[in-house]
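Should a chain be cited, it is by its letter among A, B, C and D, assigned in written order, with residues numbered from 1 in that chain.
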Amino acid sequence: MAQLFEFEKPIVELENKIFELRKFAAEKEIDLSQEISKLEQRLVELKKSTYGNLDSWKRVQIARHSERPNFYDYAPLLFEDFIELKGDRLFADDRAIAGGIALFRGTPVTVVAHVKGKDTKENIQRNFGMPHPEGYRKALRLMDQAEKFQRPILTFIDTPGAACDLAAEERGQGEAIARCLQAMAGYTVPIISTVIGEGGSGGALALGVGNIILMLENTFYSVIAPESCASILWKDPARAKEAASALRFTAQDLLQLGVADDLVKEPLGGAHKNIAQTAEELSQVIAKYLVRLKGELPEALKNKRYEKLKKIGAFSG
Amino acid sequence: MFKDIFRKPKYVTIQSVPAPRRIPTDSVVEAPVRKELPDGLWVKCPKCGEVLFNKDLEENLKVCNKCEYHFRISSRERLAMIADQGSFEEWDSDILTSDPLDFPGYQEKITEAQEKAGMPEGALTGKATIEGIPVVLAFNEANFMMGSMGSVVGEKFTRALEKAIELRLPVIIFSTSGGARMQEGILSLYQMAKTSAALNKLASEGLLYISVLLDPTFGGVTASYASLGDINIAEPGALIGFTGPRVIKQTIRQELPPGAQTAEFNQEHGMIDLVVERALMRSVLARLLRYHQEGAKYGSTI
Amino acid sequence: MFKDIFRKPKYVTIQSVPAPRRIPTDSVVEAPVRKELPDGLWVKCPKCGEVLFNKDLEENLKVCNKCEYHFRISSRERLAMIADQGSFEEWDSDILTSDPLDFPGYQEKITEAQEKAGMPEGALTGKATIEGIPVVLAFNEANFMMGSMGSVVGEKFTRALEKAIELRLPVIIFSTSGGARMQEGILSLYQMAKTSAALNKLASEGLLYISVLLDPTFGGVTASYASLGDINIAEPGALIGFTGPRVIKQTIRQELPPGAQTAEFNQEHGMIDLVVERALMRSVLARLLRYHQEGAKYGSTI
Amino acid sequence: MAQLFEFEKPIVELENKIFELRKFAAEKEIDLSQEISKLEQRLVELKKSTYGNLDSWKRVQIARHSERPNFYDYAPLLFEDFIELKGDRLFADDRAIAGGIALFRGTPVTVVAHVKGKDTKENIQRNFGMPHPEGYRKALRLMDQAEKFQRPILTFIDTPGAACDLAAEERGQGEAIARCLQAMAGYTVPIISTVIGEGGSGGALALGVGNIILMLENTFYSVIAPESCASILWKDPARAKEAASALRFTAQDLLQLGVADDLVKEPLGGAHKNIAQTAEELSQVIAKYLVRLKGELPEALKNKRYEKLKKIGAFSG
């Protein structure tokens, strides 16, 4: 049974009511079509009003949905072929990040993505999508390879944040993330970064230095988790909902703030309601921007990415 | 031609770096920045408990003369200890914070911080000389919202790096920060990318970048410019990490072992080139700058 | 223009790499190369003990159909499994071993090895196509003094790499070796540097190098070309390391845990991109080559 | 008391005899000057015959002498200043390798060296001079830095070999060494590699891809330790002496084989008899070659290093 949010319950109740009415009409051979049609009309409106204008907190919930599609769900739908390449050549293969070479609409691309698990066992293997330094160093290695062979880079962001434990501190979590930022800024190939779920802080940003930054409709990308923000601001993690709104971190917010370049439509209710449809939308938007970027010269790609970064920030004077 | 290379060593000593100090207890990180130097005549060392007279402490560069605990100091104090007197030319002091997210309480926080730090924002940048060698300097200000990085800090640092490229000067950044500033949301986060990108440009120009990591350096600052030095230097006992010990404990219930995240711990784990005590910092920086001056390159001595 | 990019995916599956096989016991590495296929009608699998008919085994590419143990095979057999039939053009077959140190027993060892391997030296190099894509191939020959690298192996590999640069072709090296060849002393040791230098040249020309690591790959070969692939591929269960388990035990009395130094162990520790079973090797290599063909670069599809 | 080799004992006995004779003559006020002078003559000849033509095995013993000067002994004598820089920025600081920036006769250089300990405690810290992957990665980082700032690189080789244990295997010992070889081959700065003690196999070679390869007179540089070679060849490690000669690995052998470019004179009996004198010789030889190399253009340095490597090897056809 799919995870259901509180705010979705009226929809499901109405759906059930329609279902029962139909059943009753069929059993008793009564014509209730007018009644049913009215309810269906109401259902459409209810869905629109429920999903059409989700607040920040609802988007957070959808982005973190237990059935939210992850990179491995999209890969076979986005690519004709994906060869996963493992390891940082230094210490380990971190399963919180996957990467490799894929064929996207006939073009070889390098792909790097956070991966959350789908169940507890997988989540333990993937540390809930929170990479250790070796994950970022694998990403760096694969992106360096893309630069060497002049392949576009597609990154997919989906992490609550970088791993926060002693092991991560010992192996230089800060250094590993910083190297990704620095290296991505210097590449001469097109980079498209897409937030497909949670974009949690520095651990997300490490894959986020794109020429183009895309966000799925129901995602967020934040300097801090709303719970932590509420803890700090009001000493009360339960006020995460307020923090979610204050942080202005939804896809729509980031588009307004000039950080995100475009949004990718999700089916009503979220990507998990129809993965194929989401992948199709995602594919089209990526293709659109990849074509644009492929028209640029290598040095221009690097310079424009730098100029884009330089413009981010708000100050006076 | 080749004159230098035939000059005999006249002074043969290894001017080795001071040995790592004893590792401070975790309680040090908890000491709020402001407690260090109350207005009274004396202050208690937060590490060893010794009562120190302010005057003696100042004379000792705010290092405890008993346990060598390095008190936190302001960016202006640091500047005075590092740069040649009167050589500093400040840049971009007129860039001011806006409140792009209309974030609850941010305006008040900024006003408070300005009063506390006596500065309009948490970054100080400019040009100076150290033992006569010109260099671009940038400092976090710990008294300004824990040295956190918002748009202004990112912008000032980025401009300083670009100016260094223009002037072909080396750069030293003195980091001390809790990380990216929450109140500017995603804009703060991307200052990490922005400063790292500017450092990439500096590096591709072949210019030296020395990162000096001070107590405490965490979060988005560790995960950007602070870790990217050609040479990374830390003060003894400085706490440096990505995630703070309290957050680690809260998040995964893991208690860090004593001494974790100190400068010495980071050096053992390969992240820090040199642990340099405050009294030697200026001269070590000067030597490193000297060895990287354009004239010092072997090509130019021929 | 941009036609390719608008082509809809018609066949959407992840052609994922086969799952890692069960880890072979350490005894596998002890199995001498020659025992694999005696002349009889059948052979016993050294891993699972199953009795296998030679004919079936050959048809299954010399992989045990019960436990998927990959028998060691010769460079010629490997070539036949990888390259398009009749496409191989051999290079430098006339470079022969000399005995520069006048090393005790070396001449005899060479003669023996030549008889055993049916080759003048332990390297096979040349040009071929794989699924029609031209590529430079180089192989160690395990039957020639354990695939050890002396001057001839180093020279042939280096020449092959230089030829690849000249022809602008990608390179695949199939490694299986005990390391640098003792009998040529320092000259063998420096073949590590020589081949690595040639690979550096290849890399700076932007050409692809795929390293395929086969059972067993150790010592100076692991510490040079075998580890330097843009992509490192290993066969399941292949033992790969710097120091062999017996030497580690003798030297520091440390017993390696079961499964140490297998392809899967190396992949977990970040050294191997892909573990690919023999039956899929040719097609995986072909795909990788195809994605790296000059025409596949995004610049050229515009 | 200094470690004394079997072959040195006749010298010491003679020295003692002369000492006693002198003492006796002084006490008894007898003129034994003619006798003493004869013995001193014999001592000079004995020293010459003993040290003047050491066989391979004796050189091995001297190279491994417990008081053999290590890098830290030479550094203050070779350099006006040495700033040690630590860490690989990935995992650890390996004390089996030291590196940093030094001032050599007025020129800043990058220095990387194996370091063996002087006593058991230090040897445990430095793993007997046998580096783990993090040591080679530190070396690589520092050499990359030298390349960035166009500083000459001086390496000092002194190791029984790379660490051989599970940790080294786990962290990619082979990869770490291979990267050093590949990177050194590509640098455009002058590299001078000097064997100052033992040059043990791949672990030594990782610092040995110099434009110029120097060897102190009583050192060896080998593909395999003589004991291991004897084990393999004759199943008898005690025949190491024979292996030492068969492997032709002394400084003199390598000069003949065209691998070493020049030798550095040691005092009679070995470097440990007079460290200052050895350092002075070493300094002069390094200076001589550094001056030569500094006359070359960056690309030429790289190309000539490559050509030098390409020529190493013996074959027919």
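Throughout what follows, a residue touches a chain if its C-beta (ideal position, glycine included) is under 8 Å from a C-beta of that chain, and two chains touch if they have at least 3 such contacts.
Just so you know, these numbers come straight off a predicted model, no measurement behind them.
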item: Shared chain contacts [subunit A and subunit B, defined touch]; value: D
item: Label of the chain whose CA centroid is most distant from the centroid of subunit C; value: B
item: Centroid distance [mean C-alpha coordinates] between subunit C and subunit A, Å; value: 39
item: Inter-chain centre distance, subunit C versus subunit D - centres from mean C-alpha coordinates, in Å; value: 34
item: Distance between the centres, which are taken as Cα means, of subunit C and subunit B, whole angstrom; value: 49
item: Per-residue multi-chain contacts in subunit B, two or more chains; value: 203, 227, 269-271
item: Numbers and ranges of subunit A residues touching at least 2 other chains; value: 89-91, 171-172, 175
item: Pairs of chains satisfying the touch condition; value: A-B, A-C, A-D, B-D, C-D
item: Parts of subunit C lying in touch with subunit D, wherever the complex brings them together; value: 94-98, 100-101, 103-105, 151-152, 154-155, 158, 180-182, 184-194, 196-201, 203-204, 219-220, 222-228, 240-243, 247-248, 251-252, 254, 256-257, 260-261, 269-271
item: Of all residues in subunit C, those that touch subunit A in their complex; value: 2, 4-17, 203, 206, 208, 227, 230-232, 267-274, 284, 287-288, 291-292, 296-299, 301-302
item: Subunit C-touching residues of subunit D, taken from the complex the two chains share; value: 162, 164-166, 168-175, 177-179, 181-186, 201-202, 205-206, 208-209, 221-224, 228-229, 232-233, 246-249, 253-254, 257, 259, 305-306, 309-310, 312-317
item: Residue ranges of subunit D touching subunit A (in the complex, touch as defined); value: 89-91, 133, 137, 171-172, 175
item: Of all residues in subunit D, those that touch subunit B in their complex; value: 72, 75-93, 101, 103-109, 134, 138, 145, 148-152, 189-190, 283, 287, 290-291, 294-295, 298
